[in-house]
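Sharing a structure with you now.
Going by the order they are written in, the chains are A, B, C, D, E, F, G, H, I, J, K and L; count residues from 1 in each one.
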Amino acid sequence: MKIIIINGPNLNLLGKREPGIYGNKSFEEYFAELKNIYKSIQLEYFQSNSEGSIIDKLHETGYSYQGIVMNAGGYTHSSIAIADAVAAIETPLVEVHISNVYNREAYRHHSYISKYAKGVIVGFGLHGYRLAIESFLM
Amino acid sequence: MKIIIINGPNLNLLGKREPGIYGNKSFEEYFAELKNIYKSIQLEYFQSNSEGSIIDKLHETGYSYQGIVMNAGGYTHSSIAIADAVAAIETPLVEVHISNVYNREAYRHHSYISKYAKGVIVGFGLHGYRLAIESFLM
Amino acid sequence: MKIIIINGPNLNLLGKREPGIYGNKSFEEYFAELKNIYKSIQLEYFQSNSEGSIIDKLHETGYSYQGIVMNAGGYTHSSIAIADAVAAIETPLVEVHISNVYNREAYRHHSYISKYAKGVIVGFGLHGYRLAIESFLM
Amino acid sequence: MKIIIINGPNLNLLGKREPGIYGNKSFEEYFAELKNIYKSIQLEYFQSNSEGSIIDKLHETGYSYQGIVMNAGGYTHSSIAIADAVAAIETPLVEVHISNVYNREAYRHHSYISKYAKGVIVGFGLHGYRLAIESFLM
Amino acid sequence: MKIIIINGPNLNLLGKREPGIYGNKSFEEYFAELKNIYKSIQLEYFQSNSEGSIIDKLHETGYSYQGIVMNAGGYTHSSIAIADAVAAIETPLVEVHISNVYNREAYRHHSYISKYAKGVIVGFGLHGYRLAIESFLM
Amino acid sequence: MKIIIINGPNLNLLGKREPGIYGNKSFEEYFAELKNIYKSIQLEYFQSNSEGSIIDKLHETGYSYQGIVMNAGGYTHSSIAIADAVAAIETPLVEVHISNVYNREAYRHHSYISKYAKGVIVGFGLHGYRLAIESFLM
Amino acid sequence: MKIIIINGPNLNLLGKREPGIYGNKSFEEYFAELKNIYKSIQLEYFQSNSEGSIIDKLHETGYSYQGIVMNAGGYTHSSIAIADAVAAIETPLVEVHISNVYNREAYRHHSYISKYAKGVIVGFGLHGYRLAIESFLM
Amino acid sequence: MKIIIINGPNLNLLGKREPGIYGNKSFEEYFAELKNIYKSIQLEYFQSNSEGSIIDKLHETGYSYQGIVMNAGGYTHSSIAIADAVAAIETPLVEVHISNVYNREAYRHHSYISKYAKGVIVGFGLHGYRLAIESFLM
Amino acid sequence: MKIIIINGPNLNLLGKREPGIYGNKSFEEYFAELKNIYKSIQLEYFQSNSEGSIIDKLHETGYSYQGIVMNAGGYTHSSIAIADAVAAIETPLVEVHISNVYNREAYRHHSYISKYAKGVIVGFGLHGYRLAIESFLM
Amino acid sequence: MKIIIINGPNLNLLGKREPGIYGNKSFEEYFAELKNIYKSIQLEYFQSNSEGSIIDKLHETGYSYQGIVMNAGGYTHSSIAIADAVAAIETPLVEVHISNVYNREAYRHHSYISKYAKGVIVGFGLHGYRLAIESFLM
Amino acid sequence: MKIIIINGPNLNLLGKREPGIYGNKSFEEYFAELKNIYKSIQLEYFQSNSEGSIIDKLHETGYSYQGIVMNAGGYTHSSIAIADAVAAIETPLVEVHISNVYNREAYRHHSYISKYAKGVIVGFGLHGYRLAIESFLM
Amino acid sequence: MKIIIINGPNLNLLGKREPGIYGNKSFEEYFAELKNIYKSIQLEYFQSNSEGSIIDKLHETGYSYQGIVMNAGGYTHSSIAIADAVAAIETPLVEVHISNVYNREAYRHHSYISKYAKGVIVGFGLHGYRLAIESFLM
């Protein structure tokens, strides 16, 4: 089973950026833990600050992987192009947000991606990624 | 560990109501499965079509249980009173929706409850309840 | 043929409440007249000020009766949960309003229920209930 | 008793246009049936695709007929001028819609005419016209 | 000097329609008075309930008359086509409303025509037409 | 003189719920103080988390008591049915809010009830109830 | 007959300010012409840039003059207090705007004053003041 | 192959009306050119300022012609009735606008017709009609 | 204890202006009554139609008085500058409205001041001022 | 004559993505056909999923090519930066959409690009590109 | 070179009012520093809480000074009259805000003045005034 | 002291693009002048049309430079991802716009970035960049 985690803009700063909201563990450290837990899954990780590169990666993996876990960061709320890519591909995608976006600015309450997602997981911190992986195992 | 699942209006029809959207297993059957999986957890289930009874149950369990999993059904989108109850209690609450509400009518995209929830899980069918329980174990 | 009339909040005050808008006949008196006219129909009447009880009654009658005539009063404009119940049941439901809601406050112009109803009858005073029953006979 | 049925734009296509929504009986056929049922009423029928002609007809009949049954079609949602004519005349007018407009595009949910109507009947197919006539007999 | 008064839908009912708002003098009577006052002006009068006929008349007079006084009635608030005709012609047009439209329904506060008019006169009853004629004499 | 205080959802948690906003005295304690101050008034207290029960209580007291003091909690902003009950009854009702609702979420700025109330008192903490009673003595 | 013209903010710059929109004659020059034309009327003129002074002047003249002609300039679109003064006084007031406000920024399309005015005259340049005076003579 | 071009209100003024926007060639001249280019097509032309007549023409041609090219002028943005006619007929219809409507007033950016059209062509001047005809040949 | 009552625009007309809404007692008469009732309080009164003068008075009294009772009249709904003054000063301020503003035009439902006020009292007629003073004594 | 076709995000999936909406021919195949038809034109093709690369390409070609045909995909509705590039360059650009965007989600009805385009062609499937090229030949 | 700094309502409280937002230096102290830095400039200072006085001052200085630096405080967001004065005068005006208004209430994000200003400087504390003066020296 | 100027999309066309709005000096020329004036500052310049590259550059410089001056061009109004980057980094950032954005399309009036910026400078042409640098020296 091949699953890829795709993180969008500014998530490379995790552990460094606004720790009050996002915690202080880097995603690389967390990803190592995940790989350790889910040894039977072929788990990959991709991060980019570029909308186009995220779309390219969705096209690349979206017809052959069994699952995509995506946190599109700020693009969640503005990118119709990424949402169109999610609609176009065949691999089911779970949308994850680390913080409780419903407790923040109003413009973070709307996601273009959600309606094309298999499911949405919001507010569980880094555990959200693990819940997303679990959802592919159920 | 005591966890209660609270289901709101019309969820008693599960398995009977719009099976294309909600599947055809009754919640009682599903709950039996859950109890079987999570034997170490003291798992309870409550359903009501009445906004007031849901608030009463939140008050009753919200200071002594370790977790609440709630699918407030139609009240999700209209009840400030239930949201106020969630804000008032101390037990963390995970909001679950069976269907992908973002793929349905616009008025189902907004939840008064989400901003007071520990986390939100949308669109995974009945598996959403299990993911919510998992989140209390992480 | 079994038909139930379900009246929502404050309609128990009929004949007493704002007679300029709602007339001064109580619904019980009117219901007696209706039973007299439609002797061949098994006609029932239910009124509640509670959203949850209305949903319960819809579930109870919505799989075995041939028709439901409902005036959900103020819940018409705010209750997604009642509307969901109407969508979930199988018995066709006719929505009735005594006054011309389009001639009153803007928030009375929208009904969550209408789109799931067999039909909507507005503004004919108590005659609206009779027209609704007639519609089940056509 | 003189009652006129006024049909607005595109209703001349009835039976031909979108039969999934409007059925496949022409209005002329249906009108013959109505005349047969209500032999004691002097029943007339008028159809026009022109907003101005509908206003002219309302002026012509609106001071001498006992009832008007009008389905203004697409003009329902856009014509302040027709609504003003309804307000200006003395004959009571019942607004009818064949399809359940609340189940279609949002712009079909608002009617300029309703607030000046004696009553509104929506969603009963061609039976709506008959219910409207019944309302004049109550 | 040739000036035409163009009245839109329902203004043929003047003196008959809602006298509380519009007074009880017919426009024909008022027009006779106007002709008497402004003997040196070649004064004409046109009324139609049809949007298309009003546009036709604007085209016909809009390149040779010295002034147009128009009360487009309900079309004021809905007709982009009449407004386009006003923009297209060369004769200056004064927009008149008998009642104070700002004291009525919100949808009567906006006019598509105003921005193309030489001026707008609202709320002076029938005197508004005379003020409009006066404006062409200044 | 008979006056009833009606408290809506979650106000049973007073003294326990969000003390930063609502203070830490229970309403029962406060009510005892009030009874002590206003000995000549027959003062009653009712609390319910159920919309329907609040409407029932308004019907029950709304034709025989001299005053109602109501804090409808979260139902203030969502319940047309309670507002309709206030409009329907004869006893004057004073609307009270403990916290300054204008300093909280936007959805708390609108009350369906206010327009039918004798008066509105906002932001004085528990003193608001006493001011409401005083208003019946002036 | 006593009539006062009240001009609001920036109208003292007339003839100097944006001549493309407002022309290049000062209001004092124009007022002299008006006095000359309407010798039988006791004509006064008041200008202020202060909202409070305009309200004071409306109070002062609003119970004894026969007419007020007011161009409240920018306060037209923002001052509820001036509109309240117009509603409170007894002298009829005609609202005048020199330019066609409907052809400018959207925020100039709404006037708080209009609904309390005897009439509104827009877009005739300085002639608008004269038409307003004429309206008091009809 | 029979194709009809239907032009709506004010397009009879082409060549005369606002030449800066619409050019100075009359449509009749342009139509002669078109007939010359597309000799094998049976090309017709219809223009009316009346909404009702346009609907009548759509009904008349909409079941037997192979294509309709329509520029509904101002009715594009206001006529639900014409849009309903386009939905009702069987002949595919191409919507054309001479000017770039997206570069003009906001109310010209929305067309009720577009969603029922085979395609939409905007901003190419009179060439738009030719492109529309070409589209029927591809 | 020093308390000042500050009244905004048009409240000097009390007893004269729209007595149906505001009653027919002048504020001076009412103020004399108040002084008589609250002899131990050093009670002052200030009224101005000028936004700037009200701000000046707030600055002057807002650091040394124990309470301010303000009815800012029409400025309530438009003046950010007065609201800023209320936020800036240290003396607690109670906002009072004589009429039930929630029963009037929509633009009277919003107050810029409320969120900075100690409390808000609406709809009790002149008694509202007395309730405000009482609130400073609790 | 040099013309470039620029396709935006996800259009590289053509023939593969949602064939019900977009057809099942790849753009490369279609482009080969186009080159065959328009042999005299120097036709180029560029596709990118990256907003920045599209802007770069517009800058590169926008001062030397004779025409640009662009389908910006999802960026059409969100990219002010691409629209600014279109405004900045000198080469005329025709905007093309394969599907009828007016028949899809509301957020696809608005294009930031249209107002700077030479023209817009919507809904003709792949033929839209050919119509765009034809428009440069007229 | 003559430059005037105009400060609007509540800015006289600087150093006293909400020091967390506005700092604790009085504007008089700051102005003395500015005069010291810019000795070659004839620097003046004016503050008023009155909208009318600010307009008067703009008229007085707006044709003879070389620059105006204005912080209109709360009037920034509500005063069309001040904005009109800025548009009417000839002296270029720089708009300054001490705090970052974009980080505060939504109603502080819009300024009527900005579109008529030479430039806008927001969020630099008192340094904003100095930057504004610098802009006149570039 | 290290300061970087970051320019967003289309600003590489400066001097070439819409000179009426943006002037005709290239940014490279202007940057050379700036370096000459601020010799003691280590001044750098970066431009990209790609949202992702701008975010990358903010991450790269945002923890070690003393100041960032950014004109994000069209991304200002659409990029939540860039705004998030500004919020995440530690270096203070001044937002600059060359033209007066408040005098252009409504969608240019809102910036996602402003609330996270140290300050905002709008409308001073290229001088805005120099004012921004000056602000770091105060």
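One rule holds for everything that comes next: a residue touches a chain if its C-beta (ideal position, glycine included) is under 8 Å from a C-beta of that chain, and two chains touch if they have at least 3 such contacts.
Treat the numbers as computed from the prediction; the structure is a model and nothing was measured.
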* To do: Could you name all chains that are in contact with chain G and with chain I at the same time?
  => K
* Superposing the C-alpha atoms of chain I on chain L takes a rotation of how many degrees, nearest 5? -> 120
* Between J-L, A-B or G-I, which shows the same interface as C-D, counting it as a repeat when over half of the contact pairs match? -> A-B
* To do: Could you tell me the distance, in whole angstrom, between the mean C-alpha positions of chain C and chain H?
  => 47
* How many Å are there between the centre of chain A and the centre of chain J, using C-alpha atoms for each centre? -> 30
* Quick one: report the Å distance separating chain A from chain D, using the average Cα coordinate of each chain. => 54
* **Per-residue overlap in chain F, given as positions that touch at least 2 other chains** => 50-53, 78
* Asked: What chain-chain pairs meet the touch criterion?
  -> A-B, A-J, A-L, B-C, B-F, C-D, C-F, D-E, D-H, E-G, E-H, F-I, G-I, G-K, H-J, I-K, J-L, K-L
* Tell me, which parts of chain B touch chain A in their complex? -> 100, 102-103, 109-111, 114-115, 117-124, 127-128, 130-131, 134-135, 138
* **Touching residues on chain K, where the partner in the complex is chain I** => 8-10, 12-13, 16-18, 48-53, 73-75, 77-78, 107-108
* Structure fact -> In the complex, the residues of chain I that touch chain K are 50-53, 55-56, 59, 78-85, 87-88, 112
